[in-house]
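In the two assemblies presented below, subunit A is common to both, partnered first by subunit B and then by subunit C.
== the complex of A and B ==
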C-alpha cells in the first residue's frame, strides 16, 4: 500500500525569491530611491573630487577674497559659490569636503559595525559568560558620556582623518552590539540552527553562514543611521576646532570658518550646513528604505 | 521487517536529563527532571512512537538522541557504540532530525539546494557537481521537482518545505531518523502525504525511526510500537494495537479517550478526571500520576512503580492488574470529582 504522493509538478511557484521581492519593492519606494540618489551623488563627489572640483581647494587668492556667488551681482562662473575669507573657491572646498565626510562617516560605520556586530553575535549566540561580558561592555559604553570622551580623545590623539574615524567608531559600536545580540538570540532558537548543529556545523559556520545572512539587513540599517550620526559628530568636532584640522576642507570646518562672515555672507555657512543636512537625510532615507524592502515581517 | 534478536540500533539505559531551576531569587535551585530513567531498545528498521502530553519530556528525549542535549546520567548506545564516543560528524551520519516547524527549520536566506546539501557540505569533501547530483537524487526520492532547487523556502508551502527538511535529513543516508512532531505544523491534507512519505522512505532505506508525537490517531496508523511518556518517565510500552485496544496504564486510557473522532455529531470526549498537570519541578511522591488517577491507592502515593511486563506490553503501574480485571468485568472508568 504504497501511498507515495503524486509529484508536485503541477504546482507553480507563485512567489518570487526574496531578492526579487526586495527589488520589486525598491522600484516603488520613493524614499529609498531619493536616499540612494543623494548618497550616490555624494559618493561620486568624494571619489572624483579632483576631477569635479573646478579649482584647487587650497589655492588662496587674497586679491579676490569673499567673492560673490554666481547669482549675486558681480558673480562669475569661476567661483560658483564665491570665495571664502582667504579667496579659496567654496564650491571646490565643498566637493573636497565630501571626501572627508564620506571617509569619516563610512569608515566609522564600518569599523563600529564590525566591532559591535561581532560582540553582539558572540554574546547572543554563545550566551552565558560571554554574553554577560558583552552586556557589561555595552553597559559601560552606555554609561560613558560619549561626546565628552570623544572630545578628550581627540585632544589627546589629534585630529587626523584616521584618529577621528577610529574615535568615532569607538563611540557607536554599542548600537550594533545591542541590535545584533537581540537578533542573534531570536535567530538561534530557530530549528535550522539545531539542524546545522546536528550535522556537525562548527560555531563559526553557524555564526557566519547561518545567523549572519539572517541579520545582515538589520546591520545595514543600523550602519546607515550610525553613518549619519558620525557625519554630524565629525562636523561638530571640526566646528569646535577639535576634528579635522584646517586647511583640510571638511564640512564642519567650512561652517566654522564661515562663522565670522555669516551675517553679511550667509551663503558661506548655509552651503556646507545644507550639504550636511541633505547627506544625513539621504543616508537615513536609504537606511529606512533598505529596512522596508528587506525585512520580511514588514511585508504585506 | 526487523530482527529483534540482533543488536538494537538504539539502546537507552536509565537516561536522565535534569535542568536546574530557580523559582525565586533566594530559594535553592530545584531540579526539573525532563527525562527520568528512561530505558528503551529500538531494533534496526523499527518505527517507534513516543507519545505524551506537552512537557512530558519527549522533545528533550529527541534532543538527547540528536546529541543536542547532554544527559545527566545513563547511557545511550547507537549501533553498539556510546553516543558520547561519536564525534559530531560521525553522529551526523547516524542520526538526523526532522523538526516540527518547516517554517523555522530551513534557513530562509539559502536556496532549497543549499539547505538540502548542508549536511553533505559540512562533512564531506565533494565537488559542487557531486553535491548537485546527490541533491537531485534525494529531491527525487522525496518527490520534490528538481526545478525547486534554486527556490527559496519562503516560496514554498508547508508540505513542500517539510519535504526539503526530509531531503536534508536523508542526504547523508543516516541510520536513525528522529522526527519531532513532523506534521503538527501542517494542514491535515498535507499531513497524510508527509506521513506516508516518511513511512515509505523508512521501509525503503531500512531506517530506524523515532516518531515523537502527541497525535494518537497518527501514531496508531503509522507505527508498530508505542512508548507512552508521563512526566519524564515511560509509563507504558508495547505494540501499538495492544496499547490502543487494551490500554493498561490509567494515563494511556486517558490519552486514548482524548482522541477526537472526525465526526461532527460527536461531543467533546468526557475527559473529566484531570486534576490539572502536576508541577514537574516538584513531582508528587510515589507514582507521578497518582493525583490525576482515579484508581490511586496508598501504595501509589508512596512507592514509584517500575516498568514491568503486563500481558503483551510493559506498564509502570501498581494497580494495572486490578484495573485490567475491573475493566474486563465491564466496570466503568471512575470519574474523579
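== the complex of A and C ==
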C-alpha cells in the first residue's frame, strides 16, 4: 500500500557523504580555488615544459646577451622575459625550472611524509617505549640546524635531483611525526579501534586500515606546508651553490646567476623569485583550503 | 618542580650526545679524511702518515670518544684550512650571528605580538586580514631573494642603508628585517590563535560578566594565557635563527657563524663544520631547556608532569 517504508538507499541519499560536503564547500572557497589553479598551472608547466618553453633552456646565444624584455625598448616576442648573461631565454629557463621545483618539492614532501607519519602513528598507537623513542628522535632532529646539515650533506653526496630530494626529506619528517602522533592518540581511543582489536585485527591492519584513513587529511595539509618549505629550501641551497648544479635551471640558480647584473637588469632577479613566491603561496592556500573543507571545525 | 627539571635535563643531555654522534658520523661519511688532509697529489705513504698523525687509523668509536673528551674541555680541534683552534674561530664569529638572531627575534616579536593580539580581538577586520597577509608573505617569500630585493630598493635605489659587512648598527638593519620574516608568521599565528582561544574561554566571559574594563580583560586575563606557548616558541625560534642565518649572512657578507659554516663546508674543513653543528645544537638544547623552565615558572600546571 502507500505507507510502505522508503527504501534505505533513499535515506542515505538525503544525508550528504563527507565527500559531497567537502565538495560543496570547495565550490565557495576562493582560497582553495586560487591555490589549486596556481598549483595546476605549475604542474602543467612542469609536465609539458618541452612543449611550452619557446626555446631550449640551455641554448646560449652569446651575441644576444641580456636582451630586453617584451615591455622594454627593443624587446621581441622571441624572448618574452629577455635573455640572461649567457644569452639564454629567461622565460624558457623559468618554465623548465618549474620541473626541478615541483619534483624536489613533491618528492621531499612525499618521502618525509611517509617516514614521519609512520613514526608518528607507531608512537601514537603503541605508546610506551616506542613512543618515547619517537619523541626522542623528534627532539634530536629539532636540535640540529637543518639548513647547515643539508648543505654539508649536499657537499658530500652531490647535487643531483635525487640526492637533493632525499636530503631535503630528512629535514621535514618531524612535523609529520608530531601531528600524526597526536592525531593517532586521539583516534586510538575511539570505539571502532576497540572493535577492530576485539575482532582480532592485526596491528598493521589497525594502523593502515583503521587509523590512517582517519588522519589522511591532516597528513595532506602538513604535506602541502612542507612542500612549500622544501621548495624554498631547495631554491636557497641552489642559490648558495650547494644544491642543484648549474646549468640545470632551478629557480634558485636563476636568482644566483642574475645577481651580478641585478643593478641594471632587476627583472632577471624579480621573475624567478616571484615565481617561487607565487607557487609557495598557491601550495599553502591549497593546503589551508583542503583543511577548511575536510575539517570545518579546525579553522583559525 | 625538581623532578620535572631533572627529567628534562636528562633528556637534554641524551639529545646533545646523540647529536654529537650524528655530526661526528656525518662527516666521516664523506670519504677518507686522511686523503683530504694530505691534499691532492699526495702519495700513499704520505696519506698513511697523515692517517697515523691525526689518529685516523684507530677504531671509529675510539676516535669519537677522543673527540668528545676533548670537546668537553672546550678543545674542538683545529681547522684543516687555517690551523686555528676551532673554538676560537667559533667564538670570534658567534657574536655577529647572535646579534643578528637576537635583533631578528626582537623585531619579529615586536611586530607579531601586537598584530596577533589585535587580529584576535578584531577578528575578520582589516587588521586581521593585514596580519594574515603578512603571515602568508613571510612564510612564502624566499629569504635570499627578499634580501636582494631589499638591497636593490634601500641600498641601491634609495641609498638609505649599507648593504654588506657588519661595521655599524645600520649594517644590521636589512639582514634583521630579512631574517625576521622566517619566524614572524609562526609567532603571529600562535599569538592570534592563543588569544582567540583565551577570549572564547569561560574565565574571560566571567571577567566580562564582572564588568571589568576591556583593557584588564584583554591584557591581564586573556593575553597572559595566550603568551605561554609564545614563550616556548620564541626560545625555539632563536635557536632556529642561529642555525638558519647562513643564507642571510652570505647575501649581506656578514662574518657570522653561518658564513663560517658555509666556507668550511665548501673547502671540506670537517673539524670546523662538525663543531659548528655541535655548538649550534648545544645552544638550541640549552634554549629549549630554559624555555621549559620559564614556562614551568609561569604555568604551575606544567610542573605536575
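Keep this in mind: the second predicted complex is superposed on the first by the 282 of 300 C-alpha atoms of A that agree within 3 Å, B and C clash if a C-alpha of one lies under 4 Å from a C-alpha of the other, contacts with A are read in each partner's own complex, and residues count from 1 in each chain.
Methods note: a residue touches a chain if its C-beta (ideal position, glycine included) is under 8 Å from a C-beta of that chain, and two chains touch if they have at least 3 such contacts.
Predicted model, so just to flag it, every value in this text is computed and none were measured.
Chemist: Does subunit A have more residues touched by subunit B or by subunit C?
Modeler: Touched residues of subunit A are more numerous for C.
Chemist: Identify the partner contact of A:190: answer first if only subunit B is touched, second if only subunit C is, both if each is, neither if none is.
Modeler: After superposition on chain A, A:190 lies in contact with subunit B alone.
Chemist: Does subunit B (first) or subunit C (second) touch A:205, or do both, or does neither?
Modeler: Only subunit B is touched by A:205; subunit C is not.
Chemist: Go through the superposed model and pick first if A:213 touches only subunit B, second if only subunit C, both, or neither.
Modeler: A:213 contacts subunit B only, not subunit C.
Chemist: Examine A:62 and indicate which partner it touches, taking first as subunit B and second as subunit C; both and neither are also allowed.
Modeler: neither
Chemist: Using the touch definition from the top, say if A:145 reaches subunit B (first), subunit C (second), both or neither.
Modeler: Second partner only.
Chemist: Taking the superposition as given, does A:273 touch the first partner, subunit B, the second, subunit C, both, or neither?
Modeler: second
Chemist: Do subunit B and subunit C touch any of the same residues on subunit A, and if so, which?
Modeler: Dual-contact residues (subunit A): none.
Chemist: With touch defined as at the start, can you tell me which subunit A residues reach subunit B in the complex?
Modeler: The contact residues of subunit A facing subunit B are 2-9, 11, 13-18, 190-192, 194-201, 205, 210, 213-214, 296.
Chemist: Show which residues of subunit C lie in contact with subunit A when the two form their complex.
Modeler: 11, 14-16, 18-19, 22-23, 26-27, 29-31, 136, 139-146, 148-149, 152, 156, 192-193, 196, 236, 239, 242-244, 246-247, 250, 258, 261-262, 265-266, 268, 273, 276-277, 280-281, 284-285, 288
Chemist: Which residues of subunit A touch subunit C in the complex?
Modeler: That would be residues 136, 139-140, 142-149, 151-153, 155-156, 228, 232, 235-236, 239-242, 252, 255, 259, 262-263, 266, 269-270, 272-273, 276-277, 280-281, 284, 300 of subunit A.
Chemist: Which residues of subunit B touch subunit A in the complex?
Modeler: Per the stated touch rule, the residues are 63, 66-68, 87-89, 91-92, 95-97, 99-101, 104-110, 115, 118-119, 122-123, 143-145, 148, 150-152, 154-157, 160, 165, 168, 172, 192-193, 196-197, 200.
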